[in-house]
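One structure, as structure tokens, below. Some questions next.
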Amino acid sequence: MNKILLLLIMVARRDLVLAMRRRADVLTTLIFFVMVVSLFPLGVGPETDMLRKMAPGVLWVSALLASMLSLGRLFSADYLDGTLEQMLLAPQSLSVLVLGKMAAHWMVSGLPLVLMTPVLGLQFDMPLKAVGVLMLSLLLGTPVLSMIGAIGAALTLGLRGGGVLLSLLVLPLCIPVLIFGTGAVGAVTDGLGYSSHLSLLGALLVLAAVFTPWVAAQALRISME
Amino acid sequence: MAINWFKYSAPTMFYPLAGKLIPWFAVSSAILFVAGLYLGFVVAPSDATQGEFYRIIYIHVPTSILSMFLYLVMAGYAALGLIFNTRLSAMMASAIAPTGALFSFIALWTGALWGKPMWGTWWVWDARLTSELILLFLYLGFISLHASIDDPRRADRAAALLAIVGSVNVPIIYFSVKWWNTLHQGSTIKFSGTSMQVTMQHAMFTMLAACWLYAAAVVLSRVRSIILERERHTKWIAELSEVQS
Amino acid sequence: MRPFEIVGGDYKAAQSVESIVYNPKLVNFRFVFMLEVSNLACSRGDHRLFAGLSFALHSGQVMQIQGANGSGKTSLLRTLCGFIQPDEGKIAWQGVDVRDLAEDYFARVLYLGHLNAIKDELSALENLRISAGLSGIKLNESDAIAALRRMGLKGRERLPVKVLSQGQRRRVALARLLVSDAVLWILDEPLAALDVNAVALIEELLDEHLAKQGMVIFTTHQPLKVAGVEMRSLSLS
Amino acid sequence: MSLDIWMRENPLTYVWLGSYAVAFLVFAIEIAMVMHKRKVTLQQVRQTIEVEESE
Amino acid sequence: MNKILLLLIMVARRDLVLAMRRRADVLTTLIFFVMVVSLFPLGVGPETDMLRKMAPGVLWVSALLASMLSLGRLFSADYLDGTLEQMLLAPQSLSVLVLGKMAAHWMVSGLPLVLMTPVLGLQFDMPLKAVGVLMLSLLLGTPVLSMIGAIGAALTLGLRGGGVLLSLLVLPLCIPVLIFGTGAVGAVTDGLGYSSHLSLLGALLVLAAVFTPWVAAQALRISME
Amino acid sequence: MRPFEIVGGDYKAAQSVESIVYNPKLVNFRFVFMLEVSNLACSRGDHRLFAGLSFALHSGQVMQIQGANGSGKTSLLRTLCGFIQPDEGKIAWQGVDVRDLAEDYFARVLYLGHLNAIKDELSALENLRISAGLSGIKLNESDAIAALRRMGLKGRERLPVKVLSQGQRRRVALARLLVSDAVLWILDEPLAALDVNAVALIEELLDEHLAKQGMVIFTTHQPLKVAGVEMRSLSLS
């Protein structure tokens, strides 16, 4: 158990170091998120009421897209330079390696968005409580996006049309996360209970954490053949 | 005596069997289509509230149901192929996908056409509609992934994995969408309360059977082509009469 | 520090000797290992690359796979690693099918392909430590630096690999040979891009590995000599 | 607007042209595609067999 | 002149062939667009009025994303496999080569979106005239996105310290296109004249066509050193 | 078809003879070209790779750059192509600085680096025709196929390059040598991944090119022989 944890940390740390080496990658995900969110008022017009209503949806969709944007690189760099072959040959469980990579991906492309959310939420004039729930929902939901996304990334490895094909595969699968996430915020602004939405998101998170690493590992083995 | 089910899971046996079945399916499907249309447009009375527009139901509901059913069948075959490494199941899965996608397209199209007179708009973001749209995306994802991978064995396995993940997700999608939607909008325009008339039911089941048979015929015919393509280096293909002529 | 010694003749016992803190220079695989390939066939696309291929390789033996460009050498090596499913035939390690052994087999294998498996953004040092970590070996910094120096990368240990020359990058990849405890080395053109000094070094490493009862399978289009043992060779048409 | 009026005046035509005609057109296209695919595949198979025999 | 045109066509055709090699490729860009557009109602909720108002913004942002996602590959594939070196060594003007690549990118990732717009507009219950103007604005605007994006893609090739700053510079450059594009549609739904917006877009297009190929070519030379 | 002949002694005249429909096999560079490098210095990062490097290369001459891994061979070749700005010194073609010539110089040069510059998704045939197109040559299909066949790729002309073996991919890249009209070939380890037959073929091509008064600069860690002319060599420390 302990050994597995060590391995997980090692893999995650490696990916984080790599991400920090190319700091541009982390920043572009974040900037992309901020830009997409800020573009909306420009496209839709400045009516505060409508903007407030749109805010959770826009933030969630942008987060979904931002994490999609960085998914392409999740395995493809390792694939192109041969590291992935070495990972398949590692005398440890591939699922754990994959989980480590998922964790690193979330820390680079999910966590910053969560931290950025309050600023953007206030831009849209969201009430404070709603912003809190939005953050919580993103905190629970973005890891699921990374995990489901990893399956797609593994399946589309080495294929042309990678990025777009990837989103085609992954976006439909991510819809429940999106709906529960925005649902929670919608509930709190309507004065209803939001805990059921959040616990459903939590359930999705647990489910994803249990199954997706294994599925993604299988997908990798298939793609490497 | 037990029937050897695995006998027909070999392409060698399945290919001629499918060849024999296709005409039967095709002909009975055509007959049922004609009968269903007759029942639906001539025998069945017009609806009290919807007038003639309701007659879209005879094509809309069968295609909607089949689009969902075919996804399950496809995922089932894909799983079989992945687990037992049987060649035929994977071929079946990739043969079903286009038909399923077309059925969901027709369901969307006829639904939209029905929506215009009933709701005054082509499209609303209703639970059923949205999940049907997502189903279409899932089909398209399967097809695109399969088409993007050159090596057919690898393509089969990758697409199978996707189909399985998708089939786990379909119920989650359905319920999440339904729940999301009911926050805003009550159950709207279905046949509220009124149980369907018997002739209408007959017409609909006839059409459903017709669509089902049609799908079977098309899928079998497609799978035969796939078998030919994949096994073209084997001897039994070279000995087929249609190949030699 | 005690070297990593497996003296029994029982495979399961050998499997259980794990994660000993060890010094790779002292490793001596006294246990006799065997890789057995029987009736292997592999095709890519419409081409049948090879069929009916059988051989056995024991501890202390080395085998060169020969063949023209495109004859299937790389495909054979990748099949041996389990990346490619063979059309027919079996690959057995100690008599057990490698697909059943999975991780237990991988722990015995070191594969070096056409690709270097190094990250452009990381330094040689980081790359080596990470790839050792992936194969389950904890490598401290000074050992890693020593290995890189032996590979002739003195002064380049902390540069990002992307600024290194082609041959230096290959050397970084080859440094894994120095820190690995794998029995079976599978090397696909290890000499690519290397200068004469580096080629001599690789020959030396192979000799050392064979002397301590390791096994080597490799391909190369350049001449390569090993001392001490007879080199077997397998030609793909 | 004009579509709305036309639709209310000719409901059956609307239903027929809009859904059934489109659906059967899709079916027809699919059938054609399947038949075309069979033809092409057969040709392809014959070709490969010829090539293999000549080798 | 004639020779330059031939070269342009050759380069564009090469990239198109590469894209068409996977016939699914073009289709997936399109499906991606459709899917992103469909995600917004899922995030925001199904109220028709609000959706109708959001529509032009949503479509424009999605078009921007679709062309962004496929930008990554514009030069990086050529860079990694060494083709870019050969292009720099070509005995012809590099700007023309770059323009050819831009054109191909637009044809794969911009044009199909324009053609898909009417269907999506109807899903959002937009009036017909607004759909027409939206299409026109996309037709003028998406090439500009491809061209500006190409500069970004060229600059982020080498990605040393400066990369971050530069990608920061490029994203905001797309904002005017977005504002004019959605502005035109907004004007027509408000019953105002939209021609000024469109002619501004046209001006941007001409400007971009004249300058961006050269700028991107310079960026490439810098990135390659 | 008339071969592409430049008989004058005037550089500008030679420049204007362009886009003749020509048969590369008949090309004969009767005009005398000269590449002149004087006092060249180049450093990467903190390392000074070479300095004070001077040499001249004339039509019909061949030069091998020698040196250990990381000694700066690739950097020198890339400097000659103009990818890297030298710290000091000048590179002149026919007496004119190559930076002033720009495209006029590029038209004379064929560079083959460590990377193959081929697209995985395209077939060998498409790759060859496109790269010829980039260097301004219109190559019809049958000529391209003939070139690929000569490179030993018969039967693989229409496969996507990504399924080819390492050596076959290198051969696709090298097929450019057969269809190019460039005078100066700059080859960075052309023999990498090639088998013995292919090496012999490359030697043959170099001989042909030199015989028709071409110029070659190359690096390699493997032995390579050219017949007919004396091979000059330049050692980087």
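As written, the chains take the letters A, B, C, D, E and F, and residue 1 is the first residue of each chain.
Keep this in mind: a residue touches a chain if its C-beta (ideal position, glycine included) is under 8 Å from a C-beta of that chain, and two chains touch if they have at least 3 such contacts.
Keep in mind the model is a prediction, meaning the values are calculated, not measured.
A.B. asks: Comparing centres built from CA atoms, which chain ends up most distant from chain C?
C.D. replies: D
A.B. asks: For which pair of chains is the number of C-beta contacts greatest?
C.D. replies: A-E
A.B. asks: For chain B and chain E, let me know how many angstrom lie between their CA-based centres, rounded off.
C.D. replies: Their C-alpha centroids are separated by 36 Å.
A.B. asks: When the centre of a chain is set as the mean of its C-alpha atoms, what distance in Å lies between chain A and chain D?
C.D. replies: 40
A.B. asks: Rounded to the nearest whole Å, what is the centre-to-centre distance of chain B and chain C, using the mean of the C-alpha atoms as each centre?
C.D. replies: Computed value for the inter-centroid distance: 50 Å.
A.B. asks: What parts of chain E, by residue number, touch at least two of the other chains?
C.D. replies: 18, 21-22, 24, 28, 31, 35, 42, 45, 80 - these are the residues of chain E that touch more than one other chain.
A.B. asks: Where in chain D do residues touch at least two different other chains?
C.D. replies: Expected reply: no residues.
A.B. asks: Give me the residue numbers in chain F that touch at least two other chains, ranges are fine.
C.D. replies: 114, 121, 160, 163
A.B. asks: Using the touch definition up top, name the residues of chain A that touch chain E in the complex.
C.D. replies: These residues of chain A touch chain E: 22-24, 27-28, 31-32, 35-36, 39-40, 42-45, 50, 53-54, 56-58, 60-61, 64-65, 68-69, 72, 80, 159-165, 167-168, 171-172, 175, 178-179, 182, 186.
A.B. asks: Please output the residues of chain F touching chain C within their complex, sorted ascending.
C.D. replies: For chain F paired with chain C, touching residues are 44-45, 67-74, 114, 152, 156, 159, 163-168, 170-171, 189, 192-199, 221-222.
A.B. asks: Considering the complex alone, what residue numbers of chain B touch chain D?
C.D. replies: Of all residues in chain B, those touching chain D are 37, 41, 51-53, 55-56, 59-60, 63, 98-99, 102, 105-106, 109-110, 113-114, 116-117, 214, 218, 221-222, 224-225, 228-229, 232-233, 237-238, 242-243.
A.B. asks: Considering the complex alone, what residue numbers of chain A touch chain B?
C.D. replies: Its residues touching chain B are 151, 155-156, 159-161, 165, 168-169, 171-173, 175-176, 179-180, 182-183, 186-187, 190, 200, 204, 215, 218-219, 222-223, 225.
A.B. asks: Touching residues of chain D toward chain B in the complex: what are they?
C.D. replies: Result: residues 3, 7-8, 11-12, 14-15, 18-20, 22-23, 26-27, 30-31, 34-35, 37-38, 41-42, 44-46, 48-49, 52 of chain D touch chain B.
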